[in-house]
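Data block below; observations after.
Chain IDs A, B, C, D, E and F follow the sequence of writing; residue 1 opens each chain.
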Amino acid sequence: MSASSLKYDFFNVSIPVEYVAVVEVDRVKKLNAFTQQMFTDLGAIFRRLSVDPDVRVIILTGAGEKAFTAGLDITAASQGALTGGGMPGAEKDTARKAWDLRRHIKEIQEPVSDVEKCEKPVISVMHGISYGAAIDISTCCDIRICSKDTIFSVREVAIGLAADVGTLTRLPHTQVPMSWIKDICLTARDFGAQEALTMGFVSGVYDSKQAALDRAMVLAKDIAAASPIAVQSTKAVINYSRDHSVADGLDYVAVWNAAMLQTQDVKDALFSKKEKRTPKFAKL
Amino acid sequence: MSASSLKYDFFNVSIPVEYVAVVEVDRVKKLNAFTQQMFTDLGAIFRRLSVDPDVRVIILTGAGEKAFTAGLDITAASQGALTGGGMPGAEKDTARKAWDLRRHIKEIQEPVSDVEKCEKPVISVMHGISYGAAIDISTCCDIRICSKDTIFSVREVAIGLAADVGTLTRLPHTQVPMSWIKDICLTARDFGAQEALTMGFVSGVYDSKQAALDRAMVLAKDIAAASPIAVQSTKAVINYSRDHSVADGLDYVAVWNAAMLQTQDVKDALFSKKEKRTPKFAKL
Amino acid sequence: MSASSLKYDFFNVSIPVEYVAVVEVDRVKKLNAFTQQMFTDLGAIFRRLSVDPDVRVIILTGAGEKAFTAGLDITAASQGALTGGGMPGAEKDTARKAWDLRRHIKEIQEPVSDVEKCEKPVISVMHGISYGAAIDISTCCDIRICSKDTIFSVREVAIGLAADVGTLTRLPHTQVPMSWIKDICLTARDFGAQEALTMGFVSGVYDSKQAALDRAMVLAKDIAAASPIAVQSTKAVINYSRDHSVADGLDYVAVWNAAMLQTQDVKDALFSKKEKRTPKFAKL
Amino acid sequence: MSASSLKYDFFNVSIPVEYVAVVEVDRVKKLNAFTQQMFTDLGAIFRRLSVDPDVRVIILTGAGEKAFTAGLDITAASQGALTGGGMPGAEKDTARKAWDLRRHIKEIQEPVSDVEKCEKPVISVMHGISYGAAIDISTCCDIRICSKDTIFSVREVAIGLAADVGTLTRLPHTQVPMSWIKDICLTARDFGAQEALTMGFVSGVYDSKQAALDRAMVLAKDIAAASPIAVQSTKAVINYSRDHSVADGLDYVAVWNAAMLQTQDVKDALFSKKEKRTPKFAKL
Amino acid sequence: MSASSLKYDFFNVSIPVEYVAVVEVDRVKKLNAFTQQMFTDLGAIFRRLSVDPDVRVIILTGAGEKAFTAGLDITAASQGALTGGGMPGAEKDTARKAWDLRRHIKEIQEPVSDVEKCEKPVISVMHGISYGAAIDISTCCDIRICSKDTIFSVREVAIGLAADVGTLTRLPHTQVPMSWIKDICLTARDFGAQEALTMGFVSGVYDSKQAALDRAMVLAKDIAAASPIAVQSTKAVINYSRDHSVADGLDYVAVWNAAMLQTQDVKDALFSKKEKRTPKFAKL
Amino acid sequence: MSASSLKYDFFNVSIPVEYVAVVEVDRVKKLNAFTQQMFTDLGAIFRRLSVDPDVRVIILTGAGEKAFTAGLDITAASQGALTGGGMPGAEKDTARKAWDLRRHIKEIQEPVSDVEKCEKPVISVMHGISYGAAIDISTCCDIRICSKDTIFSVREVAIGLAADVGTLTRLPHTQVPMSWIKDICLTARDFGAQEALTMGFVSGVYDSKQAALDRAMVLAKDIAAASPIAVQSTKAVINYSRDHSVADGLDYVAVWNAAMLQTQDVKDALFSKKEKRTPKFAKL
C-alpha cells in the first residue's frame, strides 16, 4: 500500500510531487493540538514513509493559518498521564506510579523518535503558534524553516513540568547556543521567527506559511532528484557523527561507504552531468 | 541561616526580590580581580544557594562601572601557584612539582564548578572588562547577557598559559562555532558585546550595565514565579543531554520525570491558568 | 631540513614571516582540484610542519583568483577509487570490493586528518570556488575565514555519493546549527560567504582574497608572537574538550598543565608585560 | 490477557509458579532451530512478559533433551536474507542490496534486543547443542546457567559470516576475558559447559538439564519473592552502569532511587524481617 | 597533622609501618555496621590520607573476628533517609521528597567515592560478615582480598531497595562476569570467599583474617618501597583507561607521563638495581 | 613483495603454512629485549601483514628457550628517552621537555598499536621471561596463550615508571578482574602461567614452548581455513563492540554486514558443508 493511501483522523498524507511526501497535521479547530493518539499516529506514518520506495523526502506542516501546533491538547494535559494525573492505578505507591510514568513517557517518546529515525530527510515547516510538541517534533526533523509570523515556546516551565518527549534532550543537539537554549527553556517565554533564525534553530524564515511551504518544496524537489543512496547516506552519517567523536565518525563513514560507493548512482550522476541530462536514480 | 546573611570579603549576597538572589563580586579597586580565596568563597556561596529553599534563581554581577572582573589578580598571577611559580616545594623534582600543580589546579577548578553544579539557574550579567576568570565563571552559568560596553578576552595565550579552570573546557560546550572559539582563544584578542552576541556566547546585549541587570531581573522574576520543580528539572535535564547521546537523554528524562511529574505543581499551574490567578508553588 | 625547503608538485610551502608558514595549493589550471597524490602530499606537509620548531602557525590558501579548490579532480572522480570505480580487482566479490574500498577510504582520510592533528594552529583562507575537498580540509583547520566572493558546496549528494574524507563527520563538530548543516549537505546547494559567516562556519569575511590573507597574517603574527607552549596547549585542550564531557575536560587540562605550567614562558610573558617589552619565547 | 494464555507455534509460555514465567523453545524435530518468524515471536513474548504484572522473573529453556537450540535454521541460512542470499530484489545494485540487508539485520536484531530490554530478570537455562542463536539470545539474558552436557559454538566464522544479531556485540559486554572471546569467535570451535563456567560465560553448571532447570527455579522463586521494585531497579541500574562511567552510574542511580525509594516495599521488607514473616509485595 | 593522629568514633587510623596506613572500622558490638556519620568520617579519612606525604598505601580492615561490616546500620535503615523513610519534610509532595532523596543519596555517595578518588592504592581486607556497605566500599578499593570465612551479600533486593551508594554501579566496573553479578545482585544471596575468588571479585583468599592482613601488609610494603610517582601514576592511568577507549587511554598516558617521566625516581630505581641497594624515593 | 621476504635485524617473518605467518622476535643473547628500533620494526611488520593477501592469521613468538622478551632493553632504559633521560635538548625548560616526551611516547605507542590495528587475528605465544613489553605487545594481540614456565611482570612500578606504551591502558580492556590488574601492576610482582590462566589474561597454558606453538598452529590453521571475510569481520566487530555501548555495536554490525554478507563465502561455506568438502575462499 503506498503512502498516499494512508488514512488518519488528524493527519493528511500525500505525495503531490514524485518522491515528495507531505504530512499535514490537521486538527484546525484545536490549533492542531496533539492527543496521545496523534503521537502514536505520527510515529506510524513516519515508520511507513521511512521504508516507502516512492518517498525520498518528507515535508511536515500544519493545516490552517493559525498554528503549526499549539502543543499538547489541554484536556489531555490536565487529566492525562503526560502530566502525572489521571493514570490508572492512582492507589499505587509512589514507586509503582513512577514505574508506570516512566513506561508511559517512553511510550510517547517512541513515536516522536520515529520521526528522527526516518531514513528519509524530513523538512519541518512551521507557522503561527508553534508550542511545546512543535519543538519536540521539529527537533526530530532534519531541516527546520518557518514563516515570519511563527511564535515558538518551550512549555515545560509554563505548565509546571511535562513528560518531556524530546525537546530538552534534543535542543542541545540542534547545536544552537546553550545560553539561548537555557533562556527560552527556563522562562518558557515566546520567541519569534527572526530570533529562531539568528540563533540557528531554524535555517530559513519566509514571508508567509505559503512562502515557507514553497521553499520547502524547492528543497524537497532538489533532494528528490538526487541519488537516494547519497541523500540517505548523508543523513545517516551526519546523525552518527553528531553523537560520536571525529575518530569514530571517520571509521563509521568508511564502513558505511564500503558498501554504498558500490552504487550505480555515482556513475549515473557523473555521466549525466557530462551529458547535461538529468539522471534517473533507481528506487531505494 | 539564610543566604542573605552570608558575609564575604569581596562578595555581596542579597535577596532583593523573593526567591531571587544576587551575587555581586565587589573588589572595585582591583577591577574585581580574583584571588585564590575569592574562588574558594565563590564556590562556598553557590553551594549554599544551591540548597537554599528561599532561592530559586541567581544573578551574578560585578560591582562598579569598569569591570565585571579583570580576571586573575595580577600579583597572584606573577607569584602564585596558578602560573606554576611560588609553589611550596620548589626544590622538588619535576614530577613532584607536576603532582602538586595538578592537585592545585583541581582545587581551584572545584569552586568554579560549584557554580555550574548549582541546582538553580544562574544568570551572568557582564559589563566593562570581562577577562579570564570572567569567561571561566560565566561559562558555568546558564544564561549570559551583557552591556554593550563589555570587553571580553580569554587570557591563557596572553600570559603564557595559566591553570585553566574551565574556559578552554567549557567554551566548546557553550555550543558556539569552533572557528570563533579558536580565533579568540589562540589570539587572546579582545572582543566586544556585539561579536559575543552574534556568535551566541551571550544571548542578550543591553545599553548599560543597569539595563542588563534590569533585563536579568525580569528573567529572574519569571523563573522565580514558575514551579521550582519544573525549572530545576529543566536545567538538570538540559545539562545531562548536552553531554550524552539523544538515546541516553531520552532515557534519563523518563527516569527523572517518573518522580518529578508526581508534583502538585502541574495541577497548580494548569488550574491557576484556567482561573487566571498566579499559582504559588511550594518551596524546594 | 626546514619547512621552507619542501618541494611538492602542487603545493608551495614558505615561511614568509618568522614562525608563520604558508601552504598554498597551486594547481591553478585545474582550479586547484585535488588528485589522490595531492591528498598524500598535503598530509606529508602538515606532519612536517607539526614538528618543525621554526613554525608556530600555518596559513592554508589556494593559488589563483578563481578557486580555493574545486574539490576532487573530476577525472579521478569518474575513474578512480574514491567513487568506487576503477579499483583494481573489479572481478572480486562485493564483500572483497567493500574491503578494498574501506581500506582505501581510510588511506585518503589519513592525510586529511594530519591537518587536524597538526600541533600548530592552522588558518584556512578560502576564496572563489570552495567545493568538496575545500570543506573536508578546512573543517580540519582551527580558524576558517574567507573572501566575500567565496562559493561553498558540499558535494556528496551532487555526485551520487563520494568517499567522505571528513566533511560529514567534521561539520557537526564545527558546532554550527544542525538544521543548516542538513540543508547544505542534503541539497548540495551553493552557499556564499555571508551565509557561512552568519551560521558560524567561517569566523570572518573580507573584501577580497588579499584582504582575507592580510587578516590571516595579522592573526598568524599575533599567534606566532605568543608563547608556543600556551598556543599549542590551548589548541590541544580545546580539541580534547570538544569531544569529551566537561568533567573529562577539566581532568585533562589539570594533567596537561601539571607539566606545561612549569614553563619559563609564564614568567617571561608577565615580566615583559610589566617592562613593556616584547617577550622572546624559546622554540618548541 | 495473561501471559500464560499466549500461543505460539514454537514456544510454550507458562507460569508454573506464582510470578515465575517459563518460556520454552519447542521445535524439537529441528533441534529448536530458529526461523525468522521465531525471532519475531520471541520478541513479542518478551515485550508482553516485560509489562505483565503477574510475572516477576522469566526462565528461558529449550524443549527436548538434545538441544537448547541448534541456531539459525539451516534452510533459512542457505536461502534466506540472513546470509545475504534470497533477498527480494537480487537485481538491485550493490548499494541498494546493502540497504535492504541493513534494514533486514536491524529487523532481526530488534526482537532479540527485546529479550535484553525486558524489565524482568531473565534466566537462560541451556543444555545440549547451544549454537549460534543460543549465544545471541542468552547474552541478552541476565543469568546464564547450563547442564554439563552443553556444547556451545559461535557460528559466524563456521558459515562464512552471518547477520550478527548480537553475539559479537554482546559477548564483550558479558565481561568475560577478551582472549577467550576471540578464541571461540575466530575459530567457531565447540566449547563445553566447564569451559564456559571457568571463563564466566555461565555462572553455574548442573548435572542435567533438569538439575539446571531446578536450580533456575530456585533462583526464580527467590527473585519472585522479593520486592519487584528492588529487583527490577537492580537490573535497570546494573545495565546502565555497565555501559557508562562510574560518575554517570552514580548520578543515574541517585535519580532512579529518588522515586523508587519512596516505595512501601522497604518498610515491608524490614518489618517482615523483624517479625520473621514473609512480606507480600504489591504487583508492579 | 599526620594521619596517625586522626581520631574518629568508629575508625582507628594508624601508620604501623613507614608509609603504610591502616584504617580499621571499629564498631564491633554492631558488627561494624555503618551509620551515616561513619560514611562521612570514612570520606574525611581518605581525603586526608590521599594527600598525606607520609602515606603511600592504605589497608582497610574491620575490627573483631565476626565481621568486616554488616552493612548499613539496621536502625538507620528502618528509620532513616537511606531507605526513604524518616526524611524531614514527610509532608512534602512526591517530587519534593524525591528531590530531597536525590540530594541525600548524593551526599552519601560522596564520602564513599572519596575512597575511590584516594590517590594512593587502597587494599581492602575482608573477613566474616561482609554485607551491603562492604561491597559498596570495597569496590572503591584497588585490591580486594579476604579470609576464607568471609560471607558476602549485596543487600538491595533483600531489604526492598536501598539508596545505592555504589555497589550496583561499581560491580560491573570490577570486570567480573555479568552473569554472576546479576545472580548475586538479583537474589541478594550469600556467597563465600572461594566463589568470590573464582569469579575475580577478590584476588586472594587466606586462611584467616590475620593471614589476609599479613598478605595485605606484604603487598603494602612492596608498594610503599616503590617510587610513589610510579605507583600513583599507575593507579591513575588504569582508572582512566577502564572508563575510556584504548585511543583515549593511550593519549592520556602520554600526556600524564610527559610530566611524570621527568622524575628522579627512574634513575634512582635503575641505579640502585645495578648497585643492588634499596632506593629511597622522595615523598610525594 | 611477499611477507616471507621481509628482513629485519631482530625479527624472523615466515609463512610456514599457507596463510599462516609467524613473527619471531630473535635477539636471544639479550633475552629478546626491545630497543626502540625493534618497536619501529614490529609496527612495520604488522602494517605489512595486515594487508598481505597471502596472510590470514599471525603467530607472534620469541626465539630461544629463556624468554618471550625481557622487555625494554636495559641500556635503552637507563639512557634513553623512554625513561625521560638522554633526550636531546636537556637544556630545555620543563614544559618543552614534556612536549618532547609526549611526542616521543606517542611515537613508540604507534608501532605497538599497529599490532592491534592489524586486520588479521594475531595469536601471541609466550614462554619464559615475559616482562614489560611482553605485556604491552600481547595485550594488542587477539589470543594469548603461553607455556607453563612463563613468568610475567608489569614493570612500570619496578623501574620507577616508564613510558607506558599500552599495558596500563589495554589491561583493563582485556576484561580480566580489576582487583587482580591492580595487584600485579601496583606491585610489579612476578606471576606465573597458571595465575594468568585463572584470571583470564591467557586462554591456554601448555607444557612447553613447543606445545604452545603447536596449539597456536592448530588454531591458526583453523582460522586460515575459514572465510577471511568472516574471520576479519568478526575481529573488527568485536573490537568495536568492546569500546562502545550495545546499541552502538548492533548498529555498527548492521552497517558492516550490509556489505560483507554479500560475499560468496557464505554460499561456499554452506554448500561445501552439505557436500562434505573443504571450501576454498578467495584471497582478501
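Methods note: a contact is a pair of C-beta atoms (placed from the backbone, for glycine too) under 8 Å apart; a residue touches a chain by one contact, two chains touch by 3 or more.
Source: prediction; values computed, not measured.
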{"item": "Copies chain E and chain C - interface residue numbers shared by over half, same or different", "value": "same"}
{"item": "Chain pair among C-E, B-C or A-F whose interface repeats that of A-C, sharing over half of the contact pairs by residue number", "value": "B-C"}
{"item": "Inter-copy rotation, chain A to chain F, in degrees (Cα atoms; steps of 5)", "value": "180"}
{"item": "Whole-Å gap between the CA centroids of chain C and chain F", "value": "34"}
{"item": "Distance between chain centroids, defined by C-alpha means - chain B, chain F (Å)", "value": "48"}
{"item": "Shared-contact residues (touching 2 or more other chains) in chain F", "value": "94, 97-99, 173, 175-176, 199-200, 229, 252, 255, 258-263, 265"}
{"item": "Residue numbers on chain B that touch chain D, as the complex places them", "value": "252, 255-256, 258-259, 262"}
{"item": "Parts of chain D lying in touch with chain F, wherever the complex brings them together", "value": "77-78, 83-85, 94, 97-99, 101-102, 105-106, 109, 113, 116, 156-164, 166, 168-173, 175-183, 185-189, 199-200, 243"}
{"item": "Contact footprint of chain F on chain E as seen in their complex", "value": "121, 142-144, 173-176, 199-204, 219, 222-223, 226-227, 229-231, 233-235, 237-238, 241-242, 245-246, 249-255, 257-263, 265-271, 273, 279, 281"}
{"item": "Residue numbers on chain C that touch chain F, as the complex places them", "value": "51, 92-96, 98-99, 103, 229, 232, 259-265, 282, 284"}
